[in-house]
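A single structure is presented below for examination.
Letters A, B, C and D mark the chains in the order given here, with residues in each chain numbered from 1 onward.
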């Protein structure tokens, strides 16, 4: 059983992560975690705040001398801007403060949780909602995901993502289903931080972002997340809530701005006849391994991982905070107003890719813990190795 | 807290449903449940088995004199074919039976859980897996979903689905985002059981299905599920696993053959700039209600229902059991073979729509129970009414 | 992850069990399960109903040819009396039936869920509550527990119980902390079904029961449940809800009539100084095993099993349904009445011991699945063996 | 749904609490929380460390301007001693440090998680286990419980505890089942911090503690926790894991040193005939309320709260860390040694009472959230009031 939750508001003291279920004895490399946090902050089209912050994880519990203890891990990612928000976001009452000091917000922005959340939690200060609903929260997910990926990496699982589209600009077909190694190569080589393999498309995307920035508009896009080295047999067909693809879909759709999730051929596979969609099975006697020449299933059949690469696509709507005003209504007087902000990100698609990697890491670590049990890395490894032997001898 | 699980094998005694958390005092109409079961069995392109079975729910527990007791509901949907499978699927050992009597299967079909499941559960008789992984299991989901929809219907929630595409045949644009009333009308009027609003498209779809049937091929497609009357405030932005869209995505992706899930504008929204994607907010003073002229969000913002129609699309791959052989490998001798079946369904997309309605019903009932609490319908109604008053007075 | 739930009313069609998480390939002996069901029905002091019923499990799902499939197990234990209750407990409305036909109850019995449950679920027909709250439900627990014990038995775990006290009659001190083998021996040798090792005490108990029967009174008592062969390392100190003793306490306290639970020296240990309570640790080099000469801890230290026998005591209040009237109030007219029944059990303490064994089996199976993972018995065994090797080499 | 978890090691940076599910708009009084933390640290028989620390809660998330936001609450209770342990408990590797610097422990203490935990998590440095298993962790529970009690207090629920026994010294019978008001009065009036109503018994207890301190021994005892103002209908009889008494039993047994839990008459009730154990029901027409002259059930019947005071007793073994040596074995060389400490607490029974109050608070808040739903205090109050009206009109 793995439990992963976050807490924290966007301008509060920081984001808190709670992660229980990692085996003891797992080596934690804080450099790796901070690198993931940094990757989340990069990307063409990010606004000013990203420069302010350079997120770092502070481990509060569960790790000693660089190794997990088996006890719950708790960590803090500080909000660098907190010093400017101590009144507005004080946990304690602030005597004699004006609405301005408290940065009260009564004007919900379309596309955010603002209005629906304010109604649900019955508050006329929309800040009570937007602080938690902010995508800033994903910093804690990225850190938690990095812990989880540290576990699955011990068993040879690698996770990476790349960008398939920004707005209407899309990579050429040949760049759609890149092998994992090619995706990993992008990360190292792409200074602009778009993480796009198709250089020509990257130029179009950058131009689109520049244009949207000038127009006060924003852009969404599509990312692909891939996990290689996944053993067959994660997830299960036996109950609807244990299917691996269902759990991945939940994790991906929970990413702010995600509005669609595909596994494997997904949308395209719905249009083709069965003879072109399913992956024929063959057997590689040398490797003692069932193989498939194609992977339209995206690594999951019947809710169970089949040993091929997990391939998932997430479609993200544009950032809802635009400089170009969207119409809205004040929750107090109910008068209409134009929701606009001075500055902000134009496009967060590459960052969403990093978050998607993290969430895939969380789901996979949970599936590993479930299937292989074990309270120490040594025990889990033994269980894993024993299973892989069964797989090869199947 | 709502708990909904199913048990049962495709050719065993029947499918069992376990559903806990419905309030006491809810009137259960078995006609409604059986009607949903019947709807699942209809649809152009279904094969012979559908004729054999006419599913009916048998309530084993939790309902007395037509009303729920608050205790867990258990029900059975019998497998009509069970009489012919008592040896092959006997819970007890069968002495002196041949592999043939026991209908042993060693040849996994591509696109099914067959191989991945057999490796996971370490069995060389693939029947041990395929019996549970069969889409027959969705009969129990449809029955369970019907119980859940009975609850949400008390609060004015209506759920319906229609078909947007079968293979390459798609409805015209004007039929894509139909109002709920129009979708409900299809159901009554469509004798062919395709549940398509666009009659011209329906003809193309039927022709495609006929053609695929002749070719021994199968077809997938796209369904849209819509829920109207959903109050604002279901789900929550405060934790990743409580977001309503994430929970819907899991439930939808758990449907056999589902490979992609969209909420609202989903895939399309990723291509457009923010100014064309987010739904401007206005206020209808007469109705004391915030409104939106568009609903590209599909009824969820920030993981919370916003009071608009929930609109979800599910993309389904073609049925993996083809008459036209796909290549595979015998798990015992590892020799290649051609996986083929004599007969079977060509297309189950309309049925998948019924399952999607059921799963949306389950997720919504769970969200209602969470938000409104209450152990009797009277109590829950009072809580609901009180909240809706707060919403109107917000 | 193990999920075990029951459904079913006392005079409905039967009790349903849902059990998910057992590995595939586990041999199921229905004789063993039915034997446990039979043991629950025996015991000095049981009334007439026990004679009517001779419970048997009918497996509905999850088992094929005598082995688990990995899919959820569902089973039914029929209520033999159902034929006489088809109107009173019909799931469907019964037209034209009188309150008498429907066996409506408006008079709550003290000591039962009757009144609290009726208020909670807002019903004036107390039967809606008492049917589910009846101890009859424990038949499903015993069957489910038997499945679970079948799993743990593969790893050398044996569970047994005996009776320490019936009312004021208690076994002599020497019979309090019997070795497991001695407890197992009682079961075979005790025709009266009291399952008491101390023959002299058994006579006093039988006499007490006879006397209470004559007086129209009822008796409670104390049972001890013991599990031997439990490996060290089940449960965990790292989170409050994962402590093995806490989970055992919940499972035991959930048994109808249970009002106190002790682990190890429990009540007595609270009175003695630490020097007399904690178990000194030594090392048996020949067996490569840490040992303890005493086991006042009852096999759990810090929420973790320590490899000694698990020893748990459950204190049961007398059966609340007395022939000798208790005062109560009609829920409709609020007039006082005397709650009395014609006949019924005088003492169900030995039966409660069987239920306690079952619940301990459920908790232990859950802990095994958590610690050792694995989807097939072969895989789980390999994981278990690997861990036990680590334990011996520690 | 309420989720409450803690993280943190005894000598790490601090204890972290994660608490999700409180409604928005709940006023948080940090003075109240810190007062509970202080109460945990007091009590006759506490050793030196209590003087070092004066615990205070630092809210990291979920509270703004003194009110909950509905988002998860996270808090930190710092370990005052952390400055002296930065090397020994550093999350990062410490280069060139000796075993002494790192305060490595290879000698498990009987009665603690030390040995069982080290085997489970496969570590030869027992500190990896004892840091998390330490009762210091209960500080986070007390803080979390204080948040929960703040919620239930809004609905009139009061929780208090008192001490019934320290070792062999027990209060006189008349002081056993004190009314809640009398228990609350003790707290204010007892400077010694034993929280015993019977002054004569308190003197004997203090003397026992002094004696045990001189002997290098430790003492356990018995606490009673009581909650008044609990509405009928919390918990449920419908499933074993939803019974309120079972959930209370788990929460209580999870307290370090707890070895037995009683609800109501518990142990004593098992010895008496039914006619003396069950509580007759009457009706108070003026108050529109069912009443019971006795409360041997301890406020729970059939797993459901019945509106009477919840009365729970927890039996605690003596603190396992004694100055007087217990025999043990070094995990590395397997040589025997005598486990002894220089100083430490002699008795933590009054502190355990405070922890038991906290855990009862957690269980009750969870039951409230489940039954009354609601995302804001206003909504929850409306639901609660509506239910109480149904109760009165029942």
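Following the convention adopted for this analysis, a residue touches a chain if its C-beta (ideal position, glycine included) is under 8 Å from a C-beta of that chain, and two chains touch if they have at least 3 such contacts.
On a predicted model such as this, the values are computed, not experimentally measured, just so you know.
Colleague: Which one of the chains is farthest from chain B, going by Cα centres?
Modeller: D
Colleague: Between A-B and B-C, which chain pair shares more contacting C-beta pairs?
Modeller: Of the two interfaces, A-B and B-C, more C-beta pairs touch across A-B.
Colleague: Could you tell me the distance, in whole angstrom, between the mean C-alpha positions of chain B and chain C?
Modeller: Their C-alpha centroids are separated by 37 Å.
Colleague: Return the distance between the CA-based centres of chain B and chain D, expressed in whole Å.
Modeller: 44
Colleague: If you average the CA atoms of chain A and of chain B, how far apart do the two points sit, in angstrom?
Modeller: From the centre of chain A to the centre of chain B is 27 Å.
Colleague: Quick check on chain B: which residues sit in contact with 2+ other chains?
Modeller: Answer for chain B, listing residues that touch two or more other chains: 5-6, 20, 70-72, 120, 122, 129, 132, 233, 236, 238-239, 375, 378-379, 390.
Colleague: Report the residues of chain A in contact with chain D in the complex, numbered from low to high.
Modeller: Against chain D, chain A makes touches at 3, 5-9, 12-16, 18, 20, 23-25, 28, 30, 59-66, 69-74, 76, 89-94, 102, 120-123, 127-129, 131-132, 375-376, 378-379.
Colleague: Mind pulling up the chain B residues that touch chain D in the complex?
Modeller: Spelled out, the residues of chain B in touch with chain D are 1, 20, 70-72, 233, 236, 238-239, 369-375, 378-379, 382-383, 386-387, 390.
Colleague: With touch defined as at the start, can you tell me which chain C residues reach chain D in the complex?
Modeller: Interface residues on chain C, with respect to chain D: 5-6, 108, 110-120, 122, 129, 132-133, 141, 165, 167-168, 212, 215, 217-222, 232-233, 236-241, 243, 245-254, 256, 258-267, 269-275, 277-283, 285, 290, 292, 297-298, 301-307, 315-320, 322, 324, 326-329, 331, 334, 336, 359, 390-391, 394.
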